[in-house]
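Chain IDs A, B, C, D, E and F follow the sequence of writing; residue 1 opens each chain.
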Amino acid sequence: MSVQETAEAIRSMEIRGAGRIARAGVRALCEIAEAHSGDRESLLKDLDDAKEQILSSRPTAISLWNGVQAAMHGVADLPSAESVKERVVENSRAFIGRSERAMGSIGRIGANRIRDGDVVLTHCNSHAALSVIKEAHRQGKRLEVIATESRPWRQGVITVNELAAEGVPVTMIVDSAVRSVMRSVDLVLVGADTITSSGVLINKIGTSQIALIASEARVPFLVCSETYKFSPVTLFGELVEIEERGRAEIIGDADVSENVEVRNPVFDATPPEYIDSMVTEIGMIPPFAAYEVIVKILGPDYIFENKE
Amino acid sequence: MSVQETAEAIRSMEIRGAGRIARAGVRALCEIAEAHSGDRESLLKDLDDAKEQILSSRPTAISLWNGVQAAMHGVADLPSAESVKERVVENSRAFIGRSERAMGSIGRIGANRIRDGDVVLTHCNSHAALSVIKEAHRQGKRLEVIATESRPWRQGVITVNELAAEGVPVTMIVDSAVRSVMRSVDLVLVGADTITSSGVLINKIGTSQIALIASEARVPFLVCSETYKFSPVTLFGELVEIEERGRAEIIGDADVSENVEVRNPVFDATPPEYIDSMVTEIGMIPPFAAYEVIVKILGPDYIFENKE
Amino acid sequence: MSVQETAEAIRSMEIRGAGRIARAGVRALCEIAEAHSGDRESLLKDLDDAKEQILSSRPTAISLWNGVQAAMHGVADLPSAESVKERVVENSRAFIGRSERAMGSIGRIGANRIRDGDVVLTHCNSHAALSVIKEAHRQGKRLEVIATESRPWRQGVITVNELAAEGVPVTMIVDSAVRSVMRSVDLVLVGADTITSSGVLINKIGTSQIALIASEARVPFLVCSETYKFSPVTLFGELVEIEERGRAEIIGDADVSENVEVRNPVFDATPPEYIDSMVTEIGMIPPFAAYEVIVKILGPDYIFENKE
Amino acid sequence: MSVQETAEAIRSMEIRGAGRIARAGVRALCEIAEAHSGDRESLLKDLDDAKEQILSSRPTAISLWNGVQAAMHGVADLPSAESVKERVVENSRAFIGRSERAMGSIGRIGANRIRDGDVVLTHCNSHAALSVIKEAHRQGKRLEVIATESRPWRQGVITVNELAAEGVPVTMIVDSAVRSVMRSVDLVLVGADTITSSGVLINKIGTSQIALIASEARVPFLVCSETYKFSPVTLFGELVEIEERGRAEIIGDADVSENVEVRNPVFDATPPEYIDSMVTEIGMIPPFAAYEVIVKILGPDYIFENKE
Amino acid sequence: MSVQETAEAIRSMEIRGAGRIARAGVRALCEIAEAHSGDRESLLKDLDDAKEQILSSRPTAISLWNGVQAAMHGVADLPSAESVKERVVENSRAFIGRSERAMGSIGRIGANRIRDGDVVLTHCNSHAALSVIKEAHRQGKRLEVIATESRPWRQGVITVNELAAEGVPVTMIVDSAVRSVMRSVDLVLVGADTITSSGVLINKIGTSQIALIASEARVPFLVCSETYKFSPVTLFGELVEIEERGRAEIIGDADVSENVEVRNPVFDATPPEYIDSMVTEIGMIPPFAAYEVIVKILGPDYIFENKE
Amino acid sequence: MSVQETAEAIRSMEIRGAGRIARAGVRALCEIAEAHSGDRESLLKDLDDAKEQILSSRPTAISLWNGVQAAMHGVADLPSAESVKERVVENSRAFIGRSERAMGSIGRIGANRIRDGDVVLTHCNSHAALSVIKEAHRQGKRLEVIATESRPWRQGVITVNELAAEGVPVTMIVDSAVRSVMRSVDLVLVGADTITSSGVLINKIGTSQIALIASEARVPFLVCSETYKFSPVTLFGELVEIEERGRAEIIGDADVSENVEVRNPVFDATPPEYIDSMVTEIGMIPPFAAYEVIVKILGPDYIFENKE
């Protein structure tokens, strides 16, 4: 797929999901490099143009930003077109490989934390969290899952049907019943949309209050996330914008007076002190290691030198 | 209405609402007394039979228990049919009068706590909490209300429409968005189903997690409740049963595998340390005064003597 | 002193201090009663007029309200001028006697809580708190006091000089150094301006943050207060107004641009969960007993009957 | 038994246990009254002498103080020897009756709080707490008990054997393992040595850290106690002395260098915010109701009048 | 300026401020290297002597320590006088450049965290914190600042005048009023004196209680600091000494008895759990990244090898 | 000692203690390398066999795993038998040297945190914690130690005798008395069995409740541990198994009914939020730096590449 086609497919939501988007963008850059026959300057320029085009197809997708960053890492300093091409291809394959293996690693690492007989609570519909649950189930551990409805989109319905199809015993509750069931829960597992350099989790609305409730009852709260969800731009103080969506997702016009305002924030922010551990493809890490993960992403020379 | 008719109307939900049920039961007892022409013994027996019939029409309604208790207070020791009749009538009128005035008192007392410009968050559809909000609005205070959707029954929709009709600016959110908006809230107002002798609030599912979230953010959390919601039987250690209802209220059979369990607890328990004050018709009291309120209900001679 | 003279002396701050104001008001009512020679109706009317005049001399002084209430307690139902006179005189003497003995009782009760070698932290200049400290010192207990400066009025300077004059070892710190010294403190003692029906303490600005700091370090925080500081009107939901005073108390006009706003709130509100005990003339009571104290003040028939 | 014999039996520990001591003291006073044939003055004097003798046999036993206080309640104002005798006898019988029924009431009230399948943790060897557990067991509820060893006296051994004899499944742990097992516990039940007017529990060393651990994990912590364990003298600020005992109870001289100090405090103080409820013979009450219970014990006229 | 002149200027406070001191010390070392014409050994000896002289001019200034350390980094292992000279010059320029750009970077990074309409609270007079506020103001964001008076030196007066001169709306309060206004604050920004390897902030007295108050009310608390304020010596367990200054800064001798002790600690310690993020020139980092920053300062070979 | 002898000595507990076991295992590998005369392939195979044999001698000893890992670090990629031998010998000597110096470093670093006059509480019998205490004592600091009995094995007895022999004033308490004495404690020092990648401390049963109690009272809680106690396998989600031992360690069969179950967990898990700092041979680090320490152990190329 050409860069243009890739950007279009991302923009139109044909390509979806943090991982798939990132890999598509990286693949497009890789193909530019592989197919190029010009000199170093024209290659660098073409790569730069492609990079801009890809990033603008979904400016808020941090995984896309991380993928493109990874593909171009260390390229600017290379002396020849050939060495640039080689590096881009190598970078791209490494990123794509890691990204494809990440979900499996998270599943295996996280499943180690589930003990036979555990009751796991989950929220919304996180691939990473479900990957942990399914892996533990496949390993023959008996476990039960409690899934929240996750209003307004009710992704909890997808979650419970997905788990029931795998044969995992699963119970659905409304979002308000979390504290009511928390004392019978052994572990909370949620996914991540974005993780900031200070260890704050941005995730589906409701996540932060589940974390608070788990913390109150001393129940471990784990976040399952690939490292490409960690946001390097937050290191520079950029705030993660919390998207607010339209009223129709919550209530139909016929049911409610037009004088009633309806607020529909999509995400909320969970402070790191309510997070016991993050399950990533590079291991179980504390939320405060977010800074270190981001430094790894940005490369070893970043600190003190390349930051500005 | 006869005792039988009253009991039937309560059982069939024709008569609804904690206050209305209690007053209907008391009225029925009062009419027995007024109409009676037999001797002391037959009167006491008829009253006792009526009491049993009324209580069994809704065994979990603590307001009915409190009303009947109030109507019969001190009656057993009276010497003559005449004195029994007088006392039952007097007791009944006092209870009915207080009960009818309670909502207004709560509105006026609670409205004093709302300052011009306040943002008030409420949950579910509580008459007492709305009475406070409307009274403050009528007094000309500018205030905004944020109401939760209150899944599964979505009583929040009734609440927002009710407030919009009065001209109160009101915003609706899903139950998961409470922590996300809490920092812009000045006051939380909820109602009560039952209050125990140790000050625990039993109320609509989700109330306890809103209280925890308010407490985390140092936002005052007030409970609006008539004193007949305070449960004397909890003094004897009786647990308040938390009703669990059917799956159909949460999700249709077509949308979810039959292997998925659906839990639907109707109420939850909020510990008193998350409650700043209770707004009752006898004033703003701390939740720990529940014990004292119950002792007043049971009468001054209760302690040390009449308890068993 | 006549009612008019008393009201004037209170208004002009000639009579100051919660206790002195209350006793002066009660004395004026008592003298009206003693000197009266008219019939019941004219006596009641004169008392009522006097009451209004006295209360309006300092509408925010809750001790004055409580004193006047105590003097007039049960008077309205009495049958004759003679019986009214007698009751007012009796009520007044009882109130004045209790009020005069209160400080001594608080000193003795509170001193029991100070152990030999204790370090006590205090804030502002509270007669009741200092009465406890001096009593313990007089009993021969070795104790040290740390007193905050208490900006902007720096009443801490009065406190340290007052204690040094008694021979109590005393150290002064700025208000910002409280957390820095808290781990070496054994007990915090503060006074009260007003106590609400829910157990909230209204006191000199800075009190609530000292309470929070003590609570963080598990240091007992005691409030020393006469019961006439408990506010019956808060039972009806009235908010205690926090007075804000002028900028000149904080900084001179020459030192600061006129574009700088200066906020000078005089009091703040300490939640009851940060208060371990209240030392009153009727004993060591939990802050949540505030409701019960207020009910005692309002009289035994108050609940359920006389409230409106 | 004469007053002298009673005092001696209490002093020599022949009569032991808070309830038995109190009843013995009351019985001795009652017998003085019943047998007396002198006039009012000599009777009052004899009663007073007996009271002093009894109290001095165990000055720290608050139940004895409360019993004697109850027996003599209202006696001083009575006009004749006959009326004094009647009142002492009546008071004594009432106290003894209530005291004997108290343990049963506590068992029944507390058992209501245990649900089928509950795991209950208990500490030391409390009659009241075990009375609740045994009553629930007799009612056919399945429950498991975890008992701490309770060093240094290891009363946990008595507890586990006592429960095993009744057929209750019971597990013993060392005192350090409480937090390790807390997440599988549904309820903590402990007894009381003394309860102060501010709601502080004085009980066997280790109780306060179990309360903290339960609070951290949101597990209900209940105190089982007869009301005669509530200490009126704490209302006047008296500190409850924490007894420290000898080193031999902890370690033998052969095992430890004489340079090692050994501290052996017998009790500790649990703050009321870690206590969910107190199970007493007059019902389930919040710890903050301690003040009200003490006022009941001291009599209705206490407040504002009889205190000094 | 020669090394001697530089050391003297630092000692006499002619050169002030953490950054300026550090740069002056580094410059002096750099000039030694540039001007040197001897062999490797004599150069190293001269640098070492100069280092000692500079460090002893202000032994507690961690920025000076860090600067000197940076200038000499890796120098000991170099083979020739030439290579030593080159490295010292290169190191020095890098440190000076980073240090000069740091304040600007902090301003830009921190300003991203301020949203239009925010109320920011600050304490004392921190260049770094004010740099953030002024940058946000220059970007056209509407914001209001609340500044504490910051007794005893009242640096708050400098802060408010500085901000008013820039046209930023600013309000001054006494230090005791922080909790009273906290619920209307959106963000707290403070500076740093020193940051330890475990993430503890040492800053102007009063900082730790503001952090506690912000944490209680869920208001983000950010520390603005250049990385040269992070203290490598704390890694080896050295305690940061909290300077105590004289009584005259708090009160004049005429105003206070000489028996009154006056304590005047200049700094206090804020635990990392009350700090949401640190704004440094290398980005927004969690306080626990302090260890990582220090390891960067000490160089990549430090761990496991060079520590002793 | 041969590999076989070493493995046997570890298995039979002849060689004990985390450090000694690790050094013995490393020495055995080193000797294999030194003595080997075959080619690269046979050397690698022999090392691998030896590694397996050594690890299986104590599969749960994380120090052994870390030692063996350190000895073999980077070996697989080397081209010749000679280079492999050299590297193994070099690795082994480095590990052994660091390990032997670790205890001294911890003592010196930790001793810096003890101030003259401090009261230190410790639990069980930790070499590292005692090394800190003894070093501070040798430096002439006056300090007092409170040691828990540490049931069931009562290692506290060893601790107090060990300290008394050094002349350190020491007091023993039962495990239940920790909260009772905590307010007079300045510092808590404990050792470590294992530390996970998220900063959780696994240590002697009772440690987690001491940490909670210290945290409640704002007393610093420090963990003293060599870095080879940090567990790399927890990075992959492996749970640290908490060993449960037999009943005989707690109570004799004669003293307890056989129907009584006895639980004897040896360790518990302390969450990092209750840990102020870890004292390691590489410095004072926050518990959240555990991840970074483990990455150092696994080598710089681990992240993103070598993990699977």
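In the analysis below, a residue touches a chain if its C-beta (ideal position, glycine included) is under 8 Å from a C-beta of that chain, and two chains touch if they have at least 3 such contacts.
Predicted model, so just to flag it, every value in this text is computed and none were measured.
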Query - Shared interface partners, meaning chains that touch subunit A and subunit F - result: D, E
Query raised in the report: Do subunit E and subunit F face each other with the same patch, meaning over half of the contact numbers show up on both, or with different patches?
Result: different
Requested in this report: Quick one: report the Å distance separating subunit B from subunit D, using the average Cα coordinate of each chain.
Outcome: 36
Query raised in the report: Once you find the CA centre of subunit A and the CA centre of subunit D, what distance in Å lies between them?
Result: 57
Query - Intercentroid distance (Cα basis), subunit F paired with subunit D, Å - result: 45
Query raised in the report: Hey, what residues on subunit D touch two or more of the other chains?
Result: 216, 273, 286, 288, 292
Report summary line: Chain-chain contacts, ordered by label, are A-B, A-D, A-E, A-F, B-C, B-D, B-E, C-D, C-E, C-F, D-F, E-F
Query raised in the report: For the complex, which residues does subunit A have touching subunit F?
Result: 94, 98, 101, 105, 108-113, 115, 273, 276-277, 279, 281-286, 288-289, 292, 296
Query raised in the report: For the complex, which residues does subunit A have touching subunit D?
Result: 182-183, 216-219
Requested in this report: Provide the residue numbers of subunit A that touch subunit B in the complex, in ascending order.
Outcome: 146, 148-152, 157, 160-161, 163-165, 167, 169-181, 204-206, 208-209, 212-213, 216, 242, 250-251, 255-257, 259-265, 268
**Report entry** subunit D to subunit C touching residues, read off their complex
**Finding:** 196-199, 234-239, 271-273, 286, 288, 290-292, 303-304, 307-308
